[in-house]
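Common to both upcoming complexes is chain A, partnered first by chain B, then by chain C.
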Partner chain A sequence: MLYRESGQFKTSYKADMAIFPIRQDLWGLITTLIVAVVIVPLFASEHMIVGYLLPFMIWSIAAIGLNILTGYAGQLSLGHGAFMAVGAYSAYNLAVRIPDLPLLAVFIGAGLIAAACGVVVGSPSLRIKGFYLAVATLAAQFFSEWVFATFPWFVGGAASMVIDTPKMSLFGYPIESNLDNYFLVLGFVIVTTLLAKNLVRSEIGRAWMAVRDMDVAAEVIGIRPLYTKLSAFAVSSFFAGIAGALYAFCYVKSVDFTAFDLFVSLKVLFMIIIGGMGSILGCFLGAAFIVILPILLNVAAHHLTGGNVSPELITNIEHMTFGGLIVYFLIVEPHGLARMWTTAKEKLRLWPFPH
Partner chain B sequence: MIRKLLVSLVSGLMLTATAGMSVMAAEEKSDPNKEQFFPVLSYWSGPFAPGGSGIAGGWMDYMALLNIRDGGVNGVKLTWEKCDFGYVTERAVECYERLKNKGKHGAAVFWPMSTGTTYALMERAHKDKKVLLHMGYGRTDATDGRVFPYAFPAMTNYWNQSSAKLRYIAQLEGGEGNLKGKKIVNLHLKHPYGIETIPVWDKLAARFGFEVTHLPVPWPGIDQKSLWLQIRKIKPDYVINRNWGVSCTVPLREAARIGFPRDHIIGVWWCGSEEDVIPAGKSAKGYITATFHATGPDFPVIQEIFEHVYGNMKGNLSAARVGSVYYNRGVAGAIVTMEALRNAQAKFGNVALSGEQYRWGMENFNLTAERIEELGATGILPPFSMKCDDHEGSGQVRFQQWDGTKWSMISDWIAPYHELTRKMILDSAAKYAKEKGITPRSGDSMGSDCG
Partner chain C sequence: MNVSDPILELENISLSFGAVHALADVSFSIYPGEVLAIIGPNGAGKTTMLNVINGVYHPSEGKINYKGQARARMRPHQTAVQGIARTFQNVALFKGMNTVDNIMTGRNLKMNTNILLQALYWGPAQREEAVHREAVEKVIDFLEIEAVRKTVVGRLPFGLQKRVELGRALAAEPEILLLDEPMAGMNLEEKEDMCRFVLDVNEEFGTTIVLIEHDMSVVMDISDRVVVLDYGRKISEGTPDEVRGDQRVIDAYLGVAH
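Presenting the complex of A and B:
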């Protein structure tokens, strides 16, 4: 009833192949965009923006990257943190060594360098699969940490091997306040999401999914595994690189070699597992679950107890509830939060007369 | 039926709790002009909880002491809220944003409590005009206050600590001339905090003609067997233990295994707490570490905390930890924080102050020996003063030794090689200013004489 698409007739192929063929989805998206672009900047507090939204959006981009590789192309990777690190350090070096480079070029350049690294790291995927590939990509993780901890060239010679991101300006407008950073990241989120959504609907996206479902069969019907797998690695790392650069420049504003450790790779993997493999919406849901939920739980526990209990108790409540929720959601819907949303849509379609 | 009962029981309990809390909140309402808010960012959970809880406990206990004994600072009540970030920088940024606008003019001063957090908050705090007090950690080059107007490594920083360690070693060896040909191993955590002092040791080695080997300990440093094999081969005269958390304890056990004398291991102050040595048992006996404050409960101020705070059941830590290394570090930091508040109040009046006003109090800070005596804290911290281009002040370091049951102070305040570190600090700060596009302050700037 609420979610019925009857009466929405498609009269052309173009309409049938639209990115959001159901009108309710389109409205939902437009509402979200209006909230993000107008309502949030007008009403959200700085805590809301920096504490919740900035990390949520940046991790969403990273999750989209990994979801393309793991969820769509079926290549398991534990090196996502390494590509984020490459993105962050490349952006720093591009910005500092070429001071006249426009900001957008810095971020896109960082993404491209990360993509190149992704192709190199992904090349074993032509020979090995599954868990073995995960272990091979793990090498990238440790290698990147070692490189950025060992060679001062990458950090501009700082004794502590920490980089401080330089000042940013976009077309002459300085990006300083939290709101400026929010808009910059939001812009990247919109563009990367659109890009990802269209990529997975296009020929290359279908090739990725074919390789994921059965690579021998895909090869037989004429899909080149070399090109398909490596392009998945390149696109995935490109997204990771942009996310890493945004993380460094817009969020933490300082990065060292411990910032993108193995736990970061695992964190992104958990996001797409909980959010939903092979779903762009799932990336956002997963990122929200991993990034925002613990903070919400912490704040809620703090308010419920009035701040009168010891802080380690609050943290432990947070950890226990969070862990319990992970188990709960994985039992209720092993295919992730995105699948829950699909099921809910099906139910809404029939509501209030289920059969 | 049972389910219904349970639901009503839980909701009833929650209602009572909420009602109770709102009553409490009503009782606590008071004049916001006469309250100074302090955000307590720290870690009570995670692998470094002993350090975080101890320091924050000392800080909050000192504030509680002032509230209970004196009714606050000059009639301004001290309030605070805790935020546990578990040593995770991302969560610390969230905590910072959560707490920065509490109180009349927002929080005035933050203790970032980790080197990573200090770096992450540097730009934010500068923009929001909040003081960052990172005592004995954080950015060393923030000592140059012309470039870092809101950051204060007050008392001492890592580079000066390292050079003070060398001066101490020279004392043990009977003069700087005897350093020639000696071998020192810098056993450091492979972490920004750990590698930061490498250039200082290299410079010192070149100047005094000793040989230094840097051995990185991979994070988190639980297994250091291969490193100690190397140390056995090198046969150094001294080993610098620059670790954090559990990696501080491991070298003591390994040294005992290969028979390296423990009183030739000189630890950083983050490796010099009871929590670091007790797990090593007998192996820790004789171990020496640097510190920038005295340890132990035998100081009037600590005794007063016992009497007023723990006597009234208002303590923020288990009473057994009062007087421990981390606790006293928190008290020493709290004394500096509160004396700077008094200083700022003297200029701006006894009301809630903003971060900018508080900064003035830090930058025109002068803690005299008489005042320390008055506070009952003689020995806990040295007399020192800060100014625009020197946000560190003293740089002096003391040394303590573990006798198997407690730390005892074995040296007086030892000065670092200022002339060597000062140049490095200025160079590093100038590089930061260039990258960030900051013009260093000069002349009469923000109420201070910046030369």
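Presenting the complex of A and C:
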């Protein structure tokens, strides 16, 4: 099937405003959903699910959160890991301290608490911008690391400061197997993606981008700077909180104060830089890239050296590769993989007769 | 309110940047429905005046009355609520967004579904989008920019960017429209188009227009009244013909030593 807009005439603004205005994009999405819901459960190995798909999906949610704040609203944050941590710890405490709270309420509650923290951290954003705001979010990162490493209250008094997450059940159905966890996370991925897509094509999304592109002009046309920035912080941290809670409950199955350090914040930032600032698709591309690249490097290293290569060396190569890629994308393609993909699609749209 | 009462009065406005007196004791009024031109040599304080009117800068001295009432110190988004919109001397579009979305931002004050409904894109949120999209399409038709509707504005030529920026301001349906050199950098044809748009807006919607312009023939053609600034001071005010004959204005433009 050719990737074409032609022949798909839009007869109303509503149709033109649809979430996926080009039919082929919609089909691509439906195919992906079928793969995720039918093919993966039937054919994917446990290793595939736990090793790759779960982290990929959870990082995608985290990346969507950061992309809303940084890619759409233009507010650089180095504290995304802190909001993930708040989400994880909030979910744990909600689940343990309020035993009857339904699972969905636990996750949504965790997201809301993270959102509230996001608003607090974002509140200086009216006064400070760019580099200085980044430093303020960095302070939030260090503060959260210190709090969760210091006060055992957050892990129910456990002296080790690390604790297993409680058992989960959804509408009476226990979430135990890897596949159960997979479906739970998949549900959150679908919902967060839809919410994010809707927000960025709505009034608030345009306000975010307006503040990002030209803040004086945005204010002059009536966009309230503080509300706009704080709403971006809130939504971003909400998604981060959900991602953090899912990470703890569905992936590592424990709440651990070392899990959400500065490197996590940087990692999510890398994802949106590589995947594409200001693109929801880019969040998935970036997350996939970050999950897959180490595996590829590992395989390549083993092939090249015949298996006798130290894990430390591979880790170093990984860091260097990421560093190089970040520089490459920042300089050559600031809009990331998502832009490469759109460019390819544009070429395809005109193919085989460019101009 | 009487028809001939000013919509905005500027009384003894002064504003300095360090040693530069960008505005010094400037007073004039803006009347509903008129096209008022502010002219003057480079650095005369014209842009600064617009910035004072819509709250980007706050005068160090002086008073602003809006519809007969003293106006408190206001942020730009508050003056926008009062019905003041503007364009900028150096186009200030949202570069990463397309034409439709740029102009849609002009409707933001008229859109009031909450963020939750927007996230669900449901019911009122969706209806509101459609209603305002229709209003935006009217602006797009009016400015004859249908062809670049979906183009990211950063890729548009300068002349079209200026038009989109006018569109964004018009979408807000302002009472007072401030235009900072809307025709700068345009060729003759583009200038004529722009003049036509400005006059049409003024006539069709009764929008009050305050316009900064260097091209004297444009000023003479389209403005009802002219205020002349020089080195931050108002040196003349009147109809285009009166101002043209004013010796102080002639001196200012010829660069007579002060």
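Quick note on the criterion: the second predicted complex is superposed on the first by the 316 of 355 C-alpha atoms of A that agree within 3 Å, B and C clash if a C-alpha of one lies under 4 Å from a C-alpha of the other, contacts with A are read in each partner's own complex, and residues count from 1 in each chain.
Note that in this section contacts are C-beta pairs under 8 Å (C-beta built on N, C-alpha and C of every residue); 3 or more make two chains touch, one makes a residue touch a chain.
Remember, predicted model here, so these are calculated numbers, not experimental data.
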First (chain B), second (chain C), both or neither touched by A:55: first
First (chain B), second (chain C), both or neither touched by A:222: second
First (chain B), second (chain C), both or neither touched by A:262: neither
Which of chain B and chain C A:203 touches, first, second, both or neither: second
Contacts of A:315 with chain B and chain C, given as first, second, both or neither: first
Contacts of A:147 with chain B and chain C, given as first, second, both or neither: neither
Partner chain(s) touched by A:212 [first = chain B, second = chain C, both, neither]: second
Residues of chain A that touch chain B when the two form their complex: 45-47, 50-52, 55, 96, 149, 156-162, 164, 166-167, 176-177, 251-254, 256-259, 295, 298-299, 304, 306-307, 310-312, 314-316, 319
Of chain B, residues touching chain A in the complex: 14, 17, 21, 24-25, 42, 44-45, 49, 53, 81-84, 86, 89-91, 93-94, 97-98, 100-101, 115-116, 119-120, 122-124, 127, 190-193, 195-199, 219, 428, 431-432, 435-437
Parts of chain C lying in touch with chain A, wherever the complex brings them together: 54, 56, 75-77, 80-81, 85-86, 88, 92-97, 101, 104-109, 111, 113, 115, 118-121, 125-126, 128-130, 133-134, 137, 168-169, 172
Contacting residues of chain A [partner chain C, same complex]: 12-14, 16-17, 19, 195, 198-199, 201-207, 209-210, 212-214, 216-225, 231, 235, 278
